[in-house]
Every structure is written in C-alpha cells, then in structure tokens.
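Consider the two complexes below, in which subunit A is the common component and subunit B and subunit C are the respective partners.
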Partner chain A sequence: MKKEIVRFENVTRQEDGATYLDNFSFYICEGEILGLVSVNDREKSELLKLLARNLPIDFGRIYFEGRLVNSYLNSDYTVNKVYTIDEKSSLIQDLSIADNIFVMRPGFRKYVINETVLMEQALRVFQELSFDINLNQRVSRLSTMERIIVEAAKAYLMGCRLLIFLSPEKIISQADYEKFHQFLLKLKKLNVASLYICYHHWIMFEICDRIALFSSGRIKRIFEKKDFHQTAFAPYVLSFEGYKAYRCQAAGDPIIQLDNLSSIAIQHLNLSAGPGECITLLDSDNQVTDELLDILTGLETDYEGSILCQGRDIRKQKGDCLDRSMIILDDNPTETFLFQEMSYLENLSFLLDRKLRKSILKPAFLHSVRNEYYREAGELVDERHIGGLTLREKYGLIYNKISLFHPKILIIKKPFAYGDMRCRNYILERLKALKESGISILLLTNYITDCLYLSDRIEVIKNGQNIVSLHPEEYGIISRIF
Partner chain B sequence: MRNKRYLLNRIRYFAVASMIFMLALLLAIFIQESAYLKVKIFSTVLTVIFLFLMYYGYREIYRPLMLNNRIKSMFAKGDSYEDIYNLEYPLSSEEQAMFQRFFVLLDKNKLISTSKKQSEYLALQNQINPHFLYNTLEGIRAEAVIAGVDTIAEMTEALATYFRYTISQVNNLVSLEEELANVENYYYIQQFRFGDKLKFSVSYDCDDEYEVLRCQIPKLTLQPLVENAIYHGLEQKIGTGQLTIKITMTDCHLIIMISDDGIGMGKEQVKKINETLRSLRLEDASEGSSRNGIAVRNVNNRIKLLFGEEYGIYIYSQPNAGTDAEITLPVVKD
Partner chain C sequence: MSNASEKNLSPVKRFLSQRGMGQVITVTIGLAVLCMLFGFINPNFFTYRNIANLLRQIAPTLLTGVGQSFVLFTGNIDLSIGSVVGMSCMISATLMCHGVNPWVAVLITLICCLVVGYINGILVSKCQLPPFIATLGTMTIARGIAQIVNGNYNTDSIGEAAKGFRTFFYSGKIAGIFSAFWIAIIVWAFFNYIMGRTRTGRHIYATGSNIDAARLSGVNVSRTIIYVYVVSAFCACITGLITCASTGTGTMDAGTSYEMYAVAASVIGGVSTLGGSGILLGTVIGAAIWGVLQNGLQFAGAPVAIRNIVIGIIVVVAVLLDVIVRTGKGKAKKHKAA
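For the complex of A and B:
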C-alpha cells in the first residue's frame, strides 16, 4: 500500500498581507515522482519553505509521513526531512565525496571517525543507486550530473524520503537529461519521493507519475499520466504553440561570424548570424557556453580561428563589447546587468554617454528618454531604487535598455533560466520585438525550451563542435539526437 | 448596543499596568546609585526574576490565551468546528465541561441525518411513501414486460433499484462497492437521456482492488457529485462528455477523484466553493437552504461530521477544461 510522505491540507499562508498559499492541498506518496509547474516564483518559494520547515500557517494542517507536524494551531519551526537540490551545490567543494556525505551532515555526532565503515556505507548507497564513483574524489571535480547524484545519496543517507529537484533543466544539459531521468527511476525504486519542479510541463511527461499545476496559491489541477499531452494542458498554461515569430530570410552580410573557432573546450566551431536572425547554440554537454562568452567579452584571448563582428575581426578591434555594438546578458541579468541601488532611469541610461560618444548627457535628452519609456513602463520610470521591482519589471527594464541601446548583436546565456511562466512569455515577446527590429540574436543554452519559438536555426554543439544545424521544420528531431 | 467589558481586555490592562509598575520600580532602584553591594545584587536578581516572569507569562499564559482566542474566533466565523471542544489549554475545568455540554447539545447525529436528508432527493421531500413508489414502479415494469417494451422495463427497474438504495438503507456507512453500484445504476438511468454523449469509467490506483471495494464510506457520497458533474459540467458541453472516477488508496487515506471534462468553472467560483468546503458549515444543513449547488456541501459536511474536519472535498476546475472533485476519506474497513 502506498505510504504518504507529505500531505498539505487546506493550507493558507500569508505574509505581510499577501497570500502565498491559499487553501492549498496536495500529497506525495513514497516512490512517487510528482511534477510541479509553478506559475508564480514567490508562491513556489513559500511552498518550498513550508516543506522544509514548519513555519506558522494561517489555516490548515501539514502531515509528514502520516504525523501532524504543522497546523494553524501549532507551528514549532522544526525541520522536516526534505532535501532540495538546485543549481547551487550544497556540498563543500574542497572536501571529498565521502567527507561531504558523512561528516558534513546534520546529526553526525561521532568523535572518532572510522573511515572504512563510512566508505562501506557510502559504497552500498551508491551501489543501490547503480552509480560508480571514486569516493575520495574532490567534489569540485564532479560534473553537474555527478554532483546531483552525490547530493541525492547524501540526502538518502540522512533519511530524507522527499527530494526536491528545483528547475533541473537550468543545470542539466540536454545530453544528460536521459541519465537524470534514469536516476529518478532508481530513487523511485528506493521508495524515495521526488518533487520535480520545472517550468516546462512537457519535460516532465516522460518521467512523472502526476503533474500538479500550481497557480494563485493553489493547485489548479493534478494531471494523471493519461492527461500527459498538450491538449489537456492547453486550457491551463500560456500556450506558445501558436506563437509565430518573425522568421528572418537571412538577408545581408552576417553580423557575427565564428570561423573555425578553437580553444580549450571549443573545437572548430562555425557559426554566423545575419541581421534580424536568431540562432540558438544548443550546448548539449554544457562545455562551450562559458568559454565562448569569455572569448566574446575579451576575457579569453587564447584561441584559434576568427570571430568577425560586422565584418571585422574582434582581435584587431579596440574597445569592448559596447564599441562592437554587442550586448551580452548572462543567465541572471536582473542581478548582473542592473544596479539595484540606482534609479530606473539611471539604470536605463547607464553607459548611454559612451554609446552616443558624448561626455555629458543633457538633462533634456534624459527627459526625452524618460518620456519615451514612460509609455512602456509607466510610473516605474520614476522609481528611485529598482531593488523593490518584481522580476518581470526588472526584465522589462533590461529589455528597455537593450532597445534603447539598439545593439547589432545580442547574446544571451540561458534566456529563460529565471522567471515564471508569465515572465518567460514576456521575455519571448520582447526578444521577438528586438529580432524584428533587425538585431542579431544569439541564444546560448544547454536545454532547448522556449528558444524553439524564436530561433531561425539551432546549432547543436557536442564535444565543442557543431554536430548538426537544424531549421524550424526539423526541430522535432532534437530529442532523437541524444 | 453597549460595549461589552471583556474579561480578557481587563487581564491585558492588568498585565500591562503590572509590567509598568515593575519597570518603574526597577528603574527607581537603579537610579538610586546605591553604593551598597547588597542593593546592587538585589536589583540584579530582581531584574532577572522580572525577565523570567515576563518570559514565563508570555509562554505559559499569553500564548495559550491567544491560541484559545484564535480557535474561538475561527469557530465563530465557521472555519473550524471541532477544535473548540478539545482546547489544548482550557481556562478551567468548568469551561471545558461547558464546551463538552455544548457538543452534546449540538447533537452530531442529528446534524448528520439533517444533512443526509437533504441529499436524499429533495423532490421527494418525504411526502411519498417509499413502498407505494416501489410498488408503482414494479407495476410499470410488469406492464412494460407484457407489452414487450424492454427499454421501459429496464429503465423502471433501474429507477426502482436507485430509489431503494437512496431511501431505504438507513446506515451512515456503506461499502465503496455499494456506492459504485449505485453510481453505475444512476449512470444507466442517465444514459436513456444522454445516450452516447455521456461516457463513464472507473479506475483504481492501488495494489488490491478487492480490499478497496470493501472500504466503508458515507452513504450517498458519490452519486450527488456525479449528478453535479453531469448537470453542471457535461450537460452544457457540446460533444461527448467523459466522466471518470479514480480511486486511490494510501496507508491512511482513501482518495476518490470524480472528474468530468465539461465546461468547468471560473477561478473565483472555484475559490469560493473551496473556501466553503474547507470547514464544516452548519448553516448549510438547515432545511431552508436552496438546492442549487448544495449537494457538494452536504456531502462534505457529512464527511466532516462522521470522520473529522481533516477529511472532505476539494474542487479543481478550469473553464473549458473540466472539473475534478477530490474526496479524501479515512480508510475504514468493515
């Protein structure tokens, strides 16, 4: 008989007047893989907080392994046996795997450590997970997939019967996804429940037992396996299926061209994008992206081949990205591209003087910028500190800034890594508008998600080199490549 | 109306006044700047005792009082029904006895039967003698058989079986098997009206189907929800409608999901329904309530009265996608 691991019963949680969980009910059984598609990031964070710790709730009851652990009458702040695996590693990089698993864990109260016994225990766990690894290896040398398995093994040894995988598509490459799903099935055999939180429901179709759609603080619907198809999801999610991006006919000379580019991880990489063209570089084993960005930003100069930017070799060009009319966004631009303490307008016009080659920008100019973007952002333009803006508003500012600078080339690492469903839809709309305005867009990603709806071409990269180039009519075969 | 002089407010005022007095006393001792060591030690000890009393008062008196207050206010709002009878920190044994007396006076069983009566076909209103009804239906069936109209005979038989189950059985709990048989009979009657437009299926997610079917559930739990799904979900749908019952059994719960792929409901309506379903609403059991949409609330009330407030119904719905009614019950075996 199925054993319930977690049960939320009509849980309501409010904070600062906002309701994050509103009469929320759901349950997970042992060995079950439950998918969760969350429309709102903040609500999802509150749910994760409540799963991990018994924080005060305004109504309802929470049961853990059949025991009432939290209710509106009594919340004792105790910790539940739940482990979250997300993009940030919880392991200590300079220690070995065995040390991380046994020594660095709560509840390990031994003064004399018997290394042989610990090793045997660890090996047994890894054998159960059918994973062969040297336990004396340092964690810093592990690949993303190995790190996830080690963290899961640690959680299992800690007695956690619920593992939460938070947006694995952000960190796991397309090539490793099959392995990841196989690993989830092994956890299932060990009766460990998995809560698989992902923005893309269709990724979860092949592995989950049920998929819950979480919106407005409630579970909107729980989909059973028989409902795992787009038609069943269509009334619930923002559909990008009918999304018609402007398809560029690749007219004119390439704006950016990579010819036989080689460095440490990159091997004879070729790529070109014309004006208004959007190319997705699918880095299937997650090896090329960072190195390529280092080369494009000028941090790495030791490479062979050439990169032509508007027909000129960037090695021979002076100046930085801005001088080449190139903007590069990393996967979390709301943190790295914006200055939280500056005003909206200051953020918007930062470096605009360099772009316009003027030492001082006249107030009248800034005033006209303000008026121009007032139509787009409304009262937000007058915001003094952008720290309090929502994620979507911050993305709005980033794309307003890009449209103001109007670069020739826009390069984005994992454009849809952050943000909920609505936010991703917004990013998609803004990228579409930038594309239509003639900007060449290069999207670097390790997993094809919403990039499909925007790309004129997908360049699949494996072991540092192009293995196939796909046009829109061939996108359906991507999953078969790996 | 004259403002009531609440006892709790008086306690609050008294506690605040005592604290201010103690603080003033401590302050007076400290600013005295006495050179005597004994006075200094005395004032420090007094401060420690004062702080300890403050903490003790907060933890052992203030917090329980606030918790009781919260339970009482939730009871007053109708959000909770049972917690007030089992206060963790009753004020006194007399108060506890008083609440227990209220519990007896409310007569849970009467509430259950009032609630059940409403779900037992308001059309009948107990005005028709059941035996007269069965005999009449049996007479119609016999005439139809003689005339060779098999469909009328079958339909009448189904209707008689349906009424017999609905009206005659007086038990609160029946087996899931009996409930499902009643639903299938009800579906059979509805098929005369809807034909192929209505599809129905039952699926199980458990190791032992036979064991699940023996589980006891409140009588007339499923049929009112199935009726709701047909009339509010599928009747207005263009094309074929699918009605599904999925039964899941875990170590402590029996979960029955009744799903339709009908017209569904809007976000606000679903929210409102779930808010009324999350706790026992005694006002719904009153005889004067209108029939419209009351079936779900009645079933929910009966479940909560019979098994406790942690069980009941939860609705998931989306316009043009359908509605799922999830019934959570304890595992009760005969």
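For the complex of A and C:
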C-alpha cells in the first residue's frame, strides 16, 4: 500500500466570517497524480495556503507524511515540504541552473562555492530525472517547459514529496503538453506526488490517477479513472456546450486584417476578422502572442507586412489603440486594465472623454452612465475603491467598460486564464453579448479551452505562421494536429 | 549544449562565459580606444609618471564604485557614500590631530563608518524605507558629523606622527605603483571573490534579481541588504582614509559627489541599476574610464565644465545602453522561451 503524503481530515477553515474549507477531507499518496477541479478561486487559494503552511484551522486535522502537523488545537505556522509551480517563476533569473537548485535553497551550508562539484551534483539530479540541459546557463534563457522542470528538480532536491502544478495550461503550449505529461510520469516513478490544479477537467483525463471536484469548501466527488468522461462530470460542472449554437452569420469587410505579417517570431501571418466574428489564434508553441500584442499596441514597430484596421494601415495612422477603436486585454485584466484606487465609476469612464473627443465630461453625462450601469452592476457602481471587489465583480467592471466603449475590435490574450469556473461562465456570456453586438473579437491563446465555444474559426499557429485554419465542424481534430 | 560539453569548457571560455562579461568586454574596448585617443592627442599621457598618478586617481572611484556596486546588485542605492568618505576623513584626522595613535584612529573611524552602513541597511531592509530616502537622510547626517567632529572647522595637519599612516594609505610605492591603488585593488579582489565564489555573492544577486523568489528560496534578504550597505560604508571609510592621507588634513567637504562618481563607475562598467546583474570587474573598468576621461581631458586642456558635460553624457549613454540591451535581451528571451 502506498504511503500517504498529505491527509486532510474534516478540516474547516473560516476567515472574515466566510467558510472556505467546510469539513474538507482528502488525501494524496506518494507517486500519485491527483487532479483538482475547483469551482471557486478563493477556496482553492485557501487550500493552497493550508497545504504550504500550517495556518490556524477551525476544525479537523492535517497529516503530512503520516505526522500530525496541524489541528484545530494547535497550528504552529510551520512550512510543509510542498512546492508550487505556477505562472510566476520562483527561480533567480540571473543565476545559473546549478546555483538555483543548490545554492538558492534553505539548508545550503557551504560558504565557498566549488562550481565543478556543484555541476556534478546537478548533473546527477537531472540524470535521475532523465532530462538533459545545459546546467551552466542562466535561468532567464530557459523556455517555460525547462523552467518548470528546473523548479521541479529544485523541489525534489529540497525533499518536497508533493508538487503542486497550478493551471499549467496557462503557461505550457499545446505542443509541449506531451513532454510535460512525460515529466509528470517520471516524477511519479520517483514517488513524488503531484497535485494538478486546473479548471478544465478534460485536460487532466489523460494524466491523472484521480480527479477531485472541489466546490463549496469540500470535495464533492472523487472521480476514478473509469469515470474520466464528460458525462460523469456533467452534473457537477457548468456546461458551456450551449454556446456552440451561436455562430457569426454577418458578412462584410474585415474589421481587422493581418497581411503577410512578419517580425522576429512571426512569419508571414495572415488573418482577418469581420464584424461580429470571433477568431481564435492558437499559438501552439507560445511564440507569437506577446510579439503580436506589442505590434498592435505600437510598442514594436519593426515588422513587415501590414495590419489593416477598418481598412487603414495602422502604421500610417497616428494615435493609439483607442483611436483605432480597438481594446486589448491582457491575460490578467483585473490587474492590468483596472485602477485599484479609483472608484467603480472612475474606472468605468476612464478615457471616455478621449473616446468621445471631449475635453471634459459633464457631471450629468457621468450621472447617466452611472444610471445605465446601475442596472447591470447594482450598488457596486457607487463603490469608491474597487480593491475589495470579488474576481467576478472585477470582470463585470471590465466587460461593462468594454460595452460602454463599444470598440470595433476586441483583442484578448488568454481570456479565461484567471477566472474560476463561475467567472469563465460569466466571461463567455459577456463575450457572446459583445460578439452579437457586432464587435470583432480576436482571442490569443496557447491552449484551446473554452475559446472553442465562442470561435467562428481557429487559426493554428506554429513556428510563427498559420499551419491550418479550422471551422467549427473541424474542431475535433485539434488534438491530432500536435 | 549538453552537460558533457559544458564540463569540457576551457578556463578562458569559462571566464568569458561569466555573467555580465559581454558588457565588460565592450567597455574594455571603449577604455582602450579612449587611452589611444588621449595618447594621440598628448603623448605625455603614456608616461610612467602620468600612469602612476592616474592609477592613484582611480583608487577612490574604484573603492566607492565597489561599495556602490554591491548596493546596486541588490537593486538599491547608497547616496551616503560621499558623506561617509567625508566623515571618515574628518574623524581620522581629528583623532590623529589629538594625538591618538593613527592605527587606533583608523579602527575608531572604521567602527563609526560601519555603524552608518548598518543603519542604512536597517532602514532599507527592516524599516522598508525607500533606499533613496533612507540614504539621503544618512547622507545629511554623516556630513553633519563630518562638520561637527572638529567644531565646524577643517583640521590642522595630521603631523609627522602619522607619516606611516600616509605612506601606507597614499604615498608608499610597491612595484612603482602608489599604495592607494594597491589598497583599492586588494579590496576589489576580496569582494570580487565574495561575489563570484561564495554563497553570500549568490544571495546578493538573488536579492536584486527577484526579491520574492530569493525570500522563498531561504535567503535572509534583510541580512543581505544590511551586509551590502556595511560593505559600501567600509569602502567609503577606506576612501576617506586615503583622502585624509593624501591631503594630510581633515576636510569637511571631502567626498562631495563621490556617490555619483561611484554610480557612474558601476553603471559604465555594466552594473545594472535595476539590480541582479553585472560583475565587479566591470566596476574596475568603469572607474578606469572615469579616471582616464578626467585625466585625458585635463591633458587635452578641456575646461572643468566641458569635462563634467562629457562625463555626464557618457553616464547617460551607458545607462541607456543598459536599458536597450536589457530590452533586446528580453525580446530574444521571449522568443527563445517560446
């Protein structure tokens, strides 16, 4: 029988009057790959905090490698040997791999560093993980996949027997997924347990041993391998299948058109989207998204080919995105699109004066905006600081702002990257409404998830160029492309 | 490159593949070009006498540059360096004028200066004050101490009793080169070893590169920041002692603007003001460029104002290049990461 790494027994955790874990029980064994689908983002964050550190709990017990480390009677704030790998690197960019995995860890005692010895030891670790890499190179030069493996190696060396992979689909390109799964299997052989947290259960089907559905503070159900199919999950998760029904029927001149666009990573990229059309750019090897956004926002001007916005070349146009009636959202718009210290209404109407080409917006006009969005946002519209809003409410503000500005083109990088299941549902609804109102939507993603339900066409990009263009009836073949 | 081929790198290739070496090579070429240019303008530039003086001139910039580089590696800045130089100069000179044994005076001065460095470190790391504000405050305080220590007067000559002190810190020669330069080189070599070969060095780079990741990796970030400020104060103290030995008196305005010279030497040498990158070898070259420019422009008969303008432009261009190179690398990295 396999040894248990972590066991939560009837754990309840409350904070500020809200219950985040409610009689929560689960366990992970060594060498197991456990998937976790969380319906609520905040509950997931609390679980991660409790896994990493023995914070006070209101009820229950937590065991780590068979030892009681936390209970409602005694929580000593100690740190557990758990390592979380997520979007943000925990490595030191300007140091070498060997330095990062040996010197940059608690317990490294030697003062003078012998690089030869360090290199030999690092070599052994990577041989154990069957991974060949130049150990002397700086971490800043690693690809995302390599960075994940180096972090896992560091965790392994630190004695962590539980690795948490937090939404890997956000950072790993579709083309690298196979390699990532192979690596998880290698860790499994070394008896390292993995907790694979992802909002898309079907991504976990091919790699996880079990999948736990986490909702309302407890594990609703554990799915065994035999239950790994959509019908088993359907009663528990929000279904977006209905969205497939809406497809753009409108025809007309393209609102945005990329003609033979080439830059550093982009090679002869062609794309066009008409009014009300939603195109997904599947950047399968994660090469072009950032560069394309830099070009569209005007940060990068060194490119060949042309980008036409409503028939006009953006290179020849003065002004910025707003002047081109274009809104660009980053993957985490709650951080990059909103101003936390401003009020809801200030955020909503920020730059509206420029959009309307007026130097000052009259209070009466702002009042009418407030009244219009009161119907959508309720009392929130009078909120003085948006810092305290929930994720869903912040997304609400973002999409209200977009609807108020009503751009011709909306470009979104990984639209569902930061939303929990409920948020994703909400984002889909709002995007659908924007699409129906005639806005051209361009979604840039490295992994096809919920974009499927919205897209009229998927342009698959590899090595910087279009390799295939898929229409809805062909979406089933995406996985076979890689 | 595979692991095996990595292990077989020759020592020269290994040396050249060090982090920040590219920038050092670039500025070294720049230094060579400057030397040739000034040698061409005035052949006396290459005389033994001028070179010995030039090296002695470089010593204070190199020393303060090493201290400032340490602080810059962590992504902070130390504006109090110049005032600590003045404080060191005044405290040591005052003590010697009052008949204290020069070596005891050196020890007392060192302790006073290290306390200033420690306070800087505490203010920045524990009290979380912005380094610019914290060291601006201690800059004023240290200059005040320099003024108050001898009742708001410069000191008299430190006298014959301190001859050994002056020889040790300034006028003595080893292998035909003044001791001030040797002291600077020894201090540089010691701290270069700390940066390149020890755990502390890695912790300093880590703190400047990504403070959160460093903290999560078990680095005692507060201790590291205090350490760099103490090193900076130590270097400023030695510079103050050299200044005292060179003039033979304590002057209250000694070290004025040295913090800026130190930033210039570091930045020209490729140390990033954003922290986490650069090497101390670059600071040597940066200090040398600074010294050569001062010396060469003087030889060329350029007025002080022109010298300042030229050097200011070079500092701005160096920082601009750093930003351009970083941005370019960022793009290349993104491409590679994909």
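Note that in this section the second predicted complex is superposed on the first by the 473 of 482 C-alpha atoms of A that agree within 3 Å, B and C clash if a C-alpha of one lies under 4 Å from a C-alpha of the other, contacts with A are read in each partner's own complex, and residues count from 1 in each chain.
Going forward, contacts are C-beta pairs under 8 Å (C-beta built on N, C-alpha and C of every residue); 3 or more make two chains touch, one makes a residue touch a chain.
Small disclaimer: the values here were computed from a predicted structure and weren't measured.
The superposed arrangement places subunit B and subunit C next to each other on subunit A without a clash.
Contacts of A:L73 after superposition: subunit B is touched, whereas subunit C is not reached. In the superposed model, the vertex angle subunit B-subunit A-subunit C (Cα centres) comes to 110 degrees (nearest 10). When subunit B and subunit C are set side by side, the one touching more residues of subunit A is C. Look at A:S216: by the touch rule set out above, it reaches subunit B but stays clear of subunit C. In the superposition on chain A, contact of A:C29 is made with subunit B only, not with subunit C. When the two complexes are overlaid on their common chain A, residue A:Y236 makes contact with subunit B while staying clear of subunit C. In the superposed model, A:D94 lies in contact with subunit C only, and not with subunit B. By the document's definition of touching, of the two partners only subunit C reaches A:D132; subunit B does not.
Smallest inter-chain Cα distance, subunit B versus subunit C, after superposition on the shared chain: 23 Å. Looking at the complex, you find that subunit A touches subunit B at residues 1-4, 7, 9-10, 22-23, 25, 27, 29, 59-61, 66, 72-74, 216, 218-222, 224, 232, 235-236. Those residues of subunit B lying in contact with subunit A across their complex are 67, 70-71, 74, 79, 83, 88, 206-207, 246, 248-253, 255, 264, 267, 271, 274-275, 278, 310, 314, 316, 318-321, 324, 326, 328. Residues 1-3, 6-7, 9, 17, 19, 197-200, 202, 205-206, 208-210, 212-214, 216-219, 276-277, 329, 331, 333-338 of subunit C touch subunit A in their complex.
Here subunit A touches subunit C in the complex through residues 89-95, 99-100, 103-108, 110-113, 119, 123, 126, 132-138, 140-144, 147, 173, 264-265, 285-288, 290-291, going by the rule given at the top.
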